[in-house]
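Structure, as C-alpha cells:
Chain lettering (A, B, C and D) follows the sequence in which the chains are written, and residue indices restart at 1 in each chain.
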Amino acid sequence: MPVPAPVLYPPFNIVRLSHVEYRVTDLAASRAFYVDTLGLQVTQEDGETIYLRALEERGHHCIVLRRADAASVGVLGLKLFDDPDLEKAEAFFRAKGLPVEWVARPFMGRVLRTCDPFGIPLEFYVRMDRLPPIHQTYALYKGVKPLRIDHFNMFSSDVDASVAFYNEIGFRVTEYTEDDQSGRLWAAWMHRKGGVHDVAFTNGTGPRLHHTAFWVPNPLAIIDLLDLMATTGYVANIERGPGRHGISNAFFLYIRDPDGHRIEIYCSDYQTVDPDLEPIRWSLTDPQRQTLWGAPAPRSWFEEGSLFEGATLVESGLKAQPIVAP
Amino acid sequence: MPVPAPVLYPPFNIVRLSHVEYRVTDLAASRAFYVDTLGLQVTQEDGETIYLRALEERGHHCIVLRRADAASVGVLGLKLFDDPDLEKAEAFFRAKGLPVEWVARPFMGRVLRTCDPFGIPLEFYVRMDRLPPIHQTYALYKGVKPLRIDHFNMFSSDVDASVAFYNEIGFRVTEYTEDDQSGRLWAAWMHRKGGVHDVAFTNGTGPRLHHTAFWVPNPLAIIDLLDLMATTGYVANIERGPGRHGISNAFFLYIRDPDGHRIEIYCSDYQTVDPDLEPIRWSLTDPQRQTLWGAPAPRSWFEEGSLFEGATLVESGLKAQPIVAP
Amino acid sequence: MPVPAPVLYPPFNIVRLSHVEYRVTDLAASRAFYVDTLGLQVTQEDGETIYLRALEERGHHCIVLRRADAASVGVLGLKLFDDPDLEKAEAFFRAKGLPVEWVARPFMGRVLRTCDPFGIPLEFYVRMDRLPPIHQTYALYKGVKPLRIDHFNMFSSDVDASVAFYNEIGFRVTEYTEDDQSGRLWAAWMHRKGGVHDVAFTNGTGPRLHHTAFWVPNPLAIIDLLDLMATTGYVANIERGPGRHGISNAFFLYIRDPDGHRIEIYCSDYQTVDPDLEPIRWSLTDPQRQTLWGAPAPRSWFEEGSLFEGATLVESGLKAQPIVAP
Amino acid sequence: MPVPAPVLYPPFNIVRLSHVEYRVTDLAASRAFYVDTLGLQVTQEDGETIYLRALEERGHHCIVLRRADAASVGVLGLKLFDDPDLEKAEAFFRAKGLPVEWVARPFMGRVLRTCDPFGIPLEFYVRMDRLPPIHQTYALYKGVKPLRIDHFNMFSSDVDASVAFYNEIGFRVTEYTEDDQSGRLWAAWMHRKGGVHDVAFTNGTGPRLHHTAFWVPNPLAIIDLLDLMATTGYVANIERGPGRHGISNAFFLYIRDPDGHRIEIYCSDYQTVDPDLEPIRWSLTDPQRQTLWGAPAPRSWFEEGSLFEGATLVESGLKAQPIVAP
C-alpha cells in the first residue's frame, strides 16, 4: 500500500482547514456570485476586500475576496489547537528550510505565514474573531444555504510527496487512488477534523488549487442552486454535476466563480474520527471512483485550476487518460 | 404560432394515458429491472407475461411485459371516460380509414384496438380491474418509489401532423419547440389529464417510442435509484441525468431497461387543467429547453428508440444538430 | 355507503377551485405573512387590496386580501370550462332558488355571484387575466415556495347535505369519514381537477372556512417554512404539524395568518382523474385518518374557522369527541 | 456562567461514544424493530445476543441486544485514541475511587470496565474488529437508513456534577440550559468527536438513559420511517416528532423500542471542532430550546427512561414544569 501509516502524535496540532484568500479581478462580480447567489454572509467589506462566512461558522471568515489585477489564490488558512502549537509549527517549518514569518491579519491573532515544500502558501493561527451564531437565523438562508467550508483540493505534480508531507503534519488518509501500473498515488484525501478530507491532492501540473468545497444540508439545496444559477445568467458557470463521487461518497456540484476559481458544493460525507480508520483504495482504472453514476466530467474539470501566489508550476510525470465529455 | 387551437369538445373523451405493452427478450431480466430495482408491483405473472402497477395506481396494470424473440412495443393504452366514448372512438377511427377491432384483454372490459395515422398501435378502454389501494402500504415502497405512469414520448417523422391528429382527439399542447427557420414544430407536449403531458412527440425517424415516464415523489427518490443502480450492476443502464428540462420543468433521469426500452423517472410537473392555458414556446436554438442546467445529453438519447409492432419507419426531413456528449 | 354516485355529466363544467377573498384587519401585517413569509407573489396592490398568485399559476390571482374592520371570507371563486357554462350555472342556481347576480371584478371577465344552499358565497367565471409564466424564475422562490392553490376545507353543519349538493354540480368524492353509529358522513373530500380535493367538508358549526391549502414541491419546503416562522416572530402562528393525514396521504402543516385565517401547506396528493375511482372510507373511530403518525391536534384546529360574509351559522347535531392536545 | 472551562489536555483521550448494550425481553421483537424497521445491519447473532452496526460504521457494533428477564442498559461504550489511553483511564478512575476491571468482550481488544461517579456503567477500549465498508452497498439501505450512532442522552439528578465530571475527562460543552432562578444547570450537551454531543445530561431522577441517537442523511429518511412505522403496527412506538430542537438545531424523531428504550433519529447537527467554540446558553424559561416550532412534547418524554444495570436512582432536587401534551 502506497499510503503512509498515520502519525498519531504530529509535531503540532491542526484542528481543521479554515479559510482561503481569493484574488479576484472584479469585486462586485465576485460579490454577486458568493453573496447573492451562493448565500455566503458578508462579515466585513470595503472597496478592496470582502470577508465572508458560512451559516454555521462562528469564526470571522472562511473566504477573503481581495481585488487584484489577476486572479489567483493568496493563501490557504489552517486553524491550530492551542497557542503553543504556533511555536511548534514555526519550528517544524523552519527545520524543513521553509520560509516562516509572523504576519498581521485583520480579525485574527498571531498568524504564522509559511508554505509547503511545493510552494503552496499556508498560514496558521489559533485565534480569529468569534461572531455570534446565526445558524438559527433562518431568514438569512438563501442560495445554496452554505453551512461551512469543508476542504481544499489541489493539483500536485507528485502526489506521493504531497501525501508524505501532509501525513507528517498529522493529516490522515481516508481514501486514495492508485495507479496500478506504477504503484504510485494518483490522488489522496486527508483529514484532520473528522470528515473525509480537509485537504486532497490530485495528480497534475501543480501546485494549483482545484477547488474549495462548501458543505450544505442536503441534495435539494444543490438542486435549488442549479435552478437559480441556470435562470440568473450563471448557466455557463455550472461545470459538472450534480453527481456522486465514488470516492468520499459525496453528492457534488462544481461551479466556477467569475474569475474561474472552482467551488464545490457537496454533502454526504462520513465520519472518520477513528484513528484506526482503514483508507479505502480505488484503482485508477475504475471509472466509478470519479463518478459513481457513470456520467463523464468535462475536460476543463481535469485540466483547469487556480494559481497560488508565488508558487512555481511543475508538470507531473504521471500521465493517464481521463474519461471526459467534450 | 404553429400550434393548433385546442379542441374543447373532442369527438370522444380520453381521460389519460394508461398502459404500455413492452415485448422483452428475457422476462427474468426485465423483472429484476422493473420490480426489484424500480420498485413496481407485480399484479399478475406467469412464464409469458408480467403485469405491473405503480404504488398509487388502482387500475390493474400500467406495464405489461411480454416475452418475445425481439424487443418492441406492442401497444399504447388509453383510458376513456364512459362507455359511449368507445363507440365514438370506433366511429372516429373508422371514418379516418384506420383499422379498428374489438379485442379481448385479460383484466379489462371492452377494448378497441386501432392505430394512429402514423402506425402507432393504440388501444382504448373504459373498464380495467380495480385493485385495493396500496399507496399507504409503505412497506412496499422501494427502489425509486414509482407512484404512477405519467406519459409516453414518441419520435415522429412529422411532428406537425402528429400534433394535428392528437389535437383533434382532444390533447392540448402545453409546450412546444419550434424550428425558427422553417416555422415547423420540432417537438410538442400534449395532455389530457391535467399535467404537462400524456403524450409528447419529437422530430426523428418514426414512429418509435422514445420513453415511458413514471412519476416519483421527489428528487431524492431519483438520487436513491441512481445510487442503487450504480452499485447493483446497472451503471451502464443510466443514460442521462439527473437534470432539469427547461421544457416542462421536469427533474429527470433516463434509464434503459435490459432490452434498451427507455424509462424516464421524473417529478416537478405543473398543473394544466385550465382550458385557456397558453402553450409555452421554445426555440430550437435554445439549449436550455433540453437541459436547464447546461449538461449535454449523450447521442444515444437523441437517436435510439423502441419500435412499435407493425409500424413502418419513416425518416424525418427536418434536421438539426443536437448538442451531445460523446 | 353514504356517498352518492358521481355525476359524470353535471349541469355545468367546473374546472377547479380558483381563488378566495380574505377580509383582513391589517393589510401590512397580512402582506408580511403571505408575501414575505409564505412567498406568494403580488400581482396588484393598493391601500385597500392586495392580489396574489402562487409560482406556477398564470391566472391573475388566487388570493385577494381586502382591508376590512373585521376578519372574514368574502367569497370562494371557481373557474368554469367555457362561456356557455356560465349561463348553465346561472340557470342551475336560479332553479334552486338561490340568489344569482352578474358582478364586475377587476382582472376578470363575466362573474356570476351566488351562494350554495348553506350560505357559502361563491363566484364563477371563465376568464381571468393571464400572466406570463414565472415558474422558472427561480430567483422569486422563497418562503415555502408555494406553487398553486389546492383546495378549500369548510365546516358544515350537515355534511351529507353539503356532499349531495356539490356532488350534483360535479364534484366527485375521493375519501370520506363515516360515523359508524349513525351511518352519516362526518367529513368528505371532493374534486374536480384530478387531485384528492378542490373542496372538503367537515362536521361542525357551519358554514365556516376551515382552511385554504397551498401545494408545495416537497416536505423540505415545509420544514424550511417552520424554521423561518419559528425564528421571525411567527411561532405562535404554527398551529399543527408537520404530519401526515391518513386521509389524502397529505404531508401537512397548518398555520394561522395574522387574523386567524388558517392556511394549510401540503404535498403528497395523488391523481384522481379516473371517473370510476373508488372513494376510500374511513371510520370516525380510526385516529389514523386524521394523523397517520399518531400525534394529536390542538383543540383550536377542531373548533376554529373563518366566517363567510353574509352566512348564518348553524350548529351541527352530530357530535364526536376529537383527540386533542391541550 | 455555570459551564466549566474546557479541559484541552484531558487525562486520557476519548475519541467518541461507541456502543450501547440494551437488555431486552424479546429478542425477536427487538430484531424486528432494529433490523427490519430501522434498518440496522446484523453483524453477529445467536439466541442470546444480536450485534448491530449502522451503514457507515466499520467498527463491529454500535448496539448489542442481549436477552434478559427485564429491560435495562448494560453498559455504554467509549472508544479511546491509543493503547496508552487505556492505562491512563484506569489510573484516573482508580484515583477517583471508582471500580475498575479488565473484561473480555467478543470482537474487541482490551476492555476497561468502570462506572462514572453516579453509577453509569462505562467501558473503554481502543480496538474493536473492523469490518469492510458497506456505505456504498446501497441495496442494504432501508428503514431510516441509519448511518452512525451519534450520542447518549442521560437523566442526571445533579447536572452540574455530571458536567463537571465529564468536562474533566475531556468532553466540551456546546450548549446548555440554565435555571435562571438557581443559576444551576438544567441540561448540557458535551462532545468529543466534533458534533454537538457524544453525551448529554438532563435534570431528573437519575442515572437513567433517556435515549441513544442515530444520525440519518436527511429529514426525508425520518418521514419515510414515520410512514413505515405508522403502517406496520408501530404507531404507538412513535413518541415525539418530527420537530426541530432549538438546542443543537437537530431535526428529530423519538421512538420507543419494544421494551420502551428510547431511540432518537436525527440530522442537522453542526461542527464543533474548534476548541474555543463558545457554548450556547438557553434559559429554562425559553420553550423554543426544546422545540423550535412550538409543539409540546408528551409527558412520557420528560419522565421515562431506561435503568442502568447496577445503578441506584437518586431524585433531583431541581424542579420545573415542563410544557407537555397530554
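Definition applied: a residue touches a chain if its C-beta (ideal position, glycine included) is under 8 Å from a C-beta of that chain, and two chains touch if they have at least 3 such contacts.
These figures come from a predicted structure and were not determined experimentally.
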item	value
Set of chains whose contacts include both chain B and chain A	C, D
Counterpart interface for A-D, drawn from A-C, B-C or A-B and sharing over half of its contact pairs	B-C
CA centroid of chain B to CA centroid of chain D, Å	50
Centre-to-centre distance between chain C and chain B (centres being mean Cα positions), rounded to whole Å	32
Separation of chain C from chain D, taking each centre as the mean of its C-alpha atoms, in whole Å	44
Residue numbers of chain C (touch at least two other chains)	136, 218-220, 227, 230-231, 292
In the complex with chain A, residue positions of chain D that touch it	8, 15-16, 56, 58-59, 79, 81-82, 127, 130, 133, 135-136, 147-148, 193-194, 217-219, 246, 249, 268, 270-271, 273-278, 280, 292
Interface residues, chain C side, partner chain A - complex	136-139, 141-142, 218, 220, 224, 227-228, 230-232
Partner chain C, residues of chain D touching it in the complex	218-220, 223, 226-227, 229-231, 235-236, 238, 242, 244, 251, 288, 292-296, 325-326
